[in-house]
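Have a look at the structure below, then the notes.
Letters are used for the chains, namely A, B, C and D, taken in the order the chains are written, and counting of residues starts over at 1 for each.
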């Protein structure tokens, strides 16, 4: 147990990676052995994430240095800068890792029966594990270049999975768009890393933040990083890839690609708050993030209304919901240097934005899964060719209702809890923004009502007479997410206090992040 | 419209990059805190003459694992996309 | 399939390419090179064979699923070396100081000794296997696809 | 800064290469050209990283029968190697998708397809 706690940051990455390498070898041993192995690895990784989470929430930031004689020794004996790669796990990292793990487990269980009879299953699962590793690595790492490498892993795995249905032309194109955007954004990140490295000869985030001088080159690097991550998280001016990719990705993968954009959002926050934040005036950057958020919210939902493809519709809603997260955290960023405003509403706004990340990963993931369940049974994503499915697919309909109510911010559900935090605090920052946010929420509700009526109620389409409920593993996959949503809805206060507020504090508290690594420097 | 916006974006970005290039450290005289440690200690710590190999596999080993993983991911992805869509009959 | 001249020359050249690639892989901790570079050299030799003999001919002796096995085992060697250091930390170079690849070279310029480098030569070997198999599999799959053949599972 | 300009030519070359790559990515719609744009962008970044590590008069950072003198920085070389392999992987996957698109549409011009308008 001691061993597991000490080495958990490394094992969280290493075990799924090992699984990804072993799965192609297991392919010939039979599907049952492979699935059991996958479940075991995923379960054990989830257990390790939980162990690490408990450790971080009770004991503070954890540093794990790869290849050092002592894991905590980020800086070699008697030297002044970190040399090796280290993972630095603080509350926000582990918060994202928890969200990632839950979504991955649900997506994996869902895929088990969804893939029955398809070819290339072992490669599919291998890539699924790699996508999981990519997200976890991106969230746990404390090194800029390592972040780039994990960003590439998740991009390539995501693109390969997105075009899984190669017999459909749009699937290949969706994957191609995703990989072009990913490649360009990753190269921009690498360029920014090069600029930072050239000035400080450092790659560790904490050490870079410690030495940051905020000169012209640093600002260029910040610009490149921000553009790259906004591109990757599908913020509005650069969102065009998202509907195409989300619409074509196979079941289980869409929620994971969506979660990987949330991981990019984490990277954006990490860069703005931890790498730059603190000593320099973040007000302007905060406003940029707010404007991006408002644009994403508004344009996303407006584009969503008139879609007839159910997954494209949900993809536009996903863009719109990302806007809330950007808005909440952007307000926090705008008032970061003003302690009074930060204490009175900035922290709440950030709590809302960060809480929204996990809420959204849960209900948006579940909505994507329900859409995919419908596609699985009736073979079309066109809303005009659906109808009366509620009678035949009762569970799917129930899950859809839960997800739709949660995403629209209807009171008992968790979406309401995070949106309320955002509305209240943003209202004190700028009332207009809050009004826009509420308006977007209403439009979201209207849009999902439309989907519900056209897909699940009304007369049965004659062509859909043979439709049955989806297989059990798909229901369990959705059920896992639904259970989490219900838990979060019943105890929002508990969740905010236990995992969201520490995450916010970790983002704001740049000094302790730096201290985690540079504390040992002479 | 799209053309004009594209050109503006392109010119602004390249201008930024060139101004950045001019304010870089002079070519050939980089700061080297972290790298000096590796050059000095790679032989003693990793028993290795090739400092680049020491950086690749020891000091920054996780990056190389990630890099190998990227290659593995890409190969898996390529083979996934080129897979046969229908299962072959047993024994053929 | 190309002309007989090309095939004959490729047949002779492949041996040298293999030896050269293997040299680059095994001396990765002493001279410029390493697993990736040597693997790329050998994979380019495989590509040469595919170009010279045609993918259908190569397919008979080089199956993709065998390549996938080689690739996975290369990756497993690599990550296994990293796991083996777990007694201290992940990626700890646990062979330094032992007689197996662990001889510490004298500080400063020296002639070089093959038994140095700790886990690095072994990792180079793993990465080399992986790169050979991976790049060959990609090129073979692309060649088979463009010649209209289905790639096997 | 002016006195350094002759020495900063590699960095200016990087900026221009990035410009070319962005020109391709913004204005060209042929999928093969997009792949080439990404490849050029990758090459620019690699050139940038290698140029960062150069130390005037330096020798390769390898002690095996090395000449005397300062060594160039090893980390950028390692980063470049990583980035090259990543670029190769990405391009392989992209070309796979281009080949599939070509099989579906017999055309790689993205203007004609439905979803590639963005």
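Everything below uses one rule, namely that contacts are C-beta pairs under 8 Å (C-beta built on N, C-alpha and C of every residue); 3 or more make two chains touch, one makes a residue touch a chain.
Please read these numbers as outputs of a predicted model, since none were measured by experiment.
Engineer: Compared with chain C, which chain's mean CA position is the farthest off?
Structural biologist: A
Engineer: A-C or A-D: which has the larger count of contacting C-beta pairs?
Structural biologist: By number of C-beta pairs in contact, A-D is the larger.
Engineer: Between chain A and chain C, what is the gap in Å from one C-alpha centre to the other?
Structural biologist: 36
Engineer: If you average the CA atoms of chain A and of chain D, how many Å lie between those two points?
Structural biologist: 28
Engineer: List the centre-to-centre spacing of chain C and chain D in whole Å, with centres computed as mean CA coordinates.
Structural biologist: Those two chain centres are 24 Å apart.
Engineer: Using the average of all C-alpha atoms in each chain as its centre, how far is it in Å between chain B and chain C?
Structural biologist: 19
Engineer: Could you check chain D for residues that touch two or more other chains and list them?
Structural biologist: If we look for residues of chain D contacting two or more partner chains, we find 18, 52, 62-64, 73, 75, 79, 81-82, 85-86, 88-90, 92-93, 96-97, 100.
Engineer: What are the residues of chain B that contact at least two other chains?
Structural biologist: 17, 20, 23-24, 30, 32, 34-35, 38, 43, 49-50, 52, 54, 56, 58, 60-75, 77-79, 81-84, 87
Engineer: In chain A, which residues are in touch with two or more of the other chains?
Structural biologist: Residues 17, 21, 24, 66-67, 119-120, 145, 149, 152, 156, 159-160, 163, 166, 172, 198, 201, 203.
Engineer: Using the definition of touching given at the top, classify the network of chains in this structure as line, ring, star, complete or other.
Structural biologist: Contact map by chain: complete.
Engineer: Residues of chain B touching chain D in their complex?
Structural biologist: 3, 6, 9-10, 13-14, 17-18, 20-24, 26-30, 32, 34-35, 38-39, 42-43, 49-52, 54-56, 60, 63-64, 66-68, 70-71, 73-75, 77-78, 81-82
Engineer: Can you list the chain A residues touching chain B in their complex?
Structural biologist: Against chain B, the touching part of chain A is residues 13, 17, 20-21, 24, 66-67, 76, 79-85, 117, 119-120, 123-124, 126-127, 130, 133, 137, 145-146, 149-150, 152-153, 156-157, 159-161, 163-164, 166-167, 172, 195, 198-203, 215-217, 220, 223.
Engineer: With touch defined as at the start, can you tell me which chain D residues reach chain C in the complex?
Structural biologist: 60, 62-68, 81, 85, 88, 92, 95-96, 99
Engineer: Which residues of chain A touch chain C once you look at their complex with the stated criterion?
Structural biologist: Residues in contact with chain C: 7, 10-11, 14, 17-18, 21-22, 24-25, 64-71, 119-120.
Engineer: Which residues of chain D touch chain B in their complex?
Structural biologist: Residue list for chain D touching chain B: 1, 4-5, 7-12, 14-16, 18-19, 22-23, 26-27, 51-57, 61-64, 71, 73-75, 77-79, 81-82, 85-86, 88-90, 92-93, 96-97, 100.
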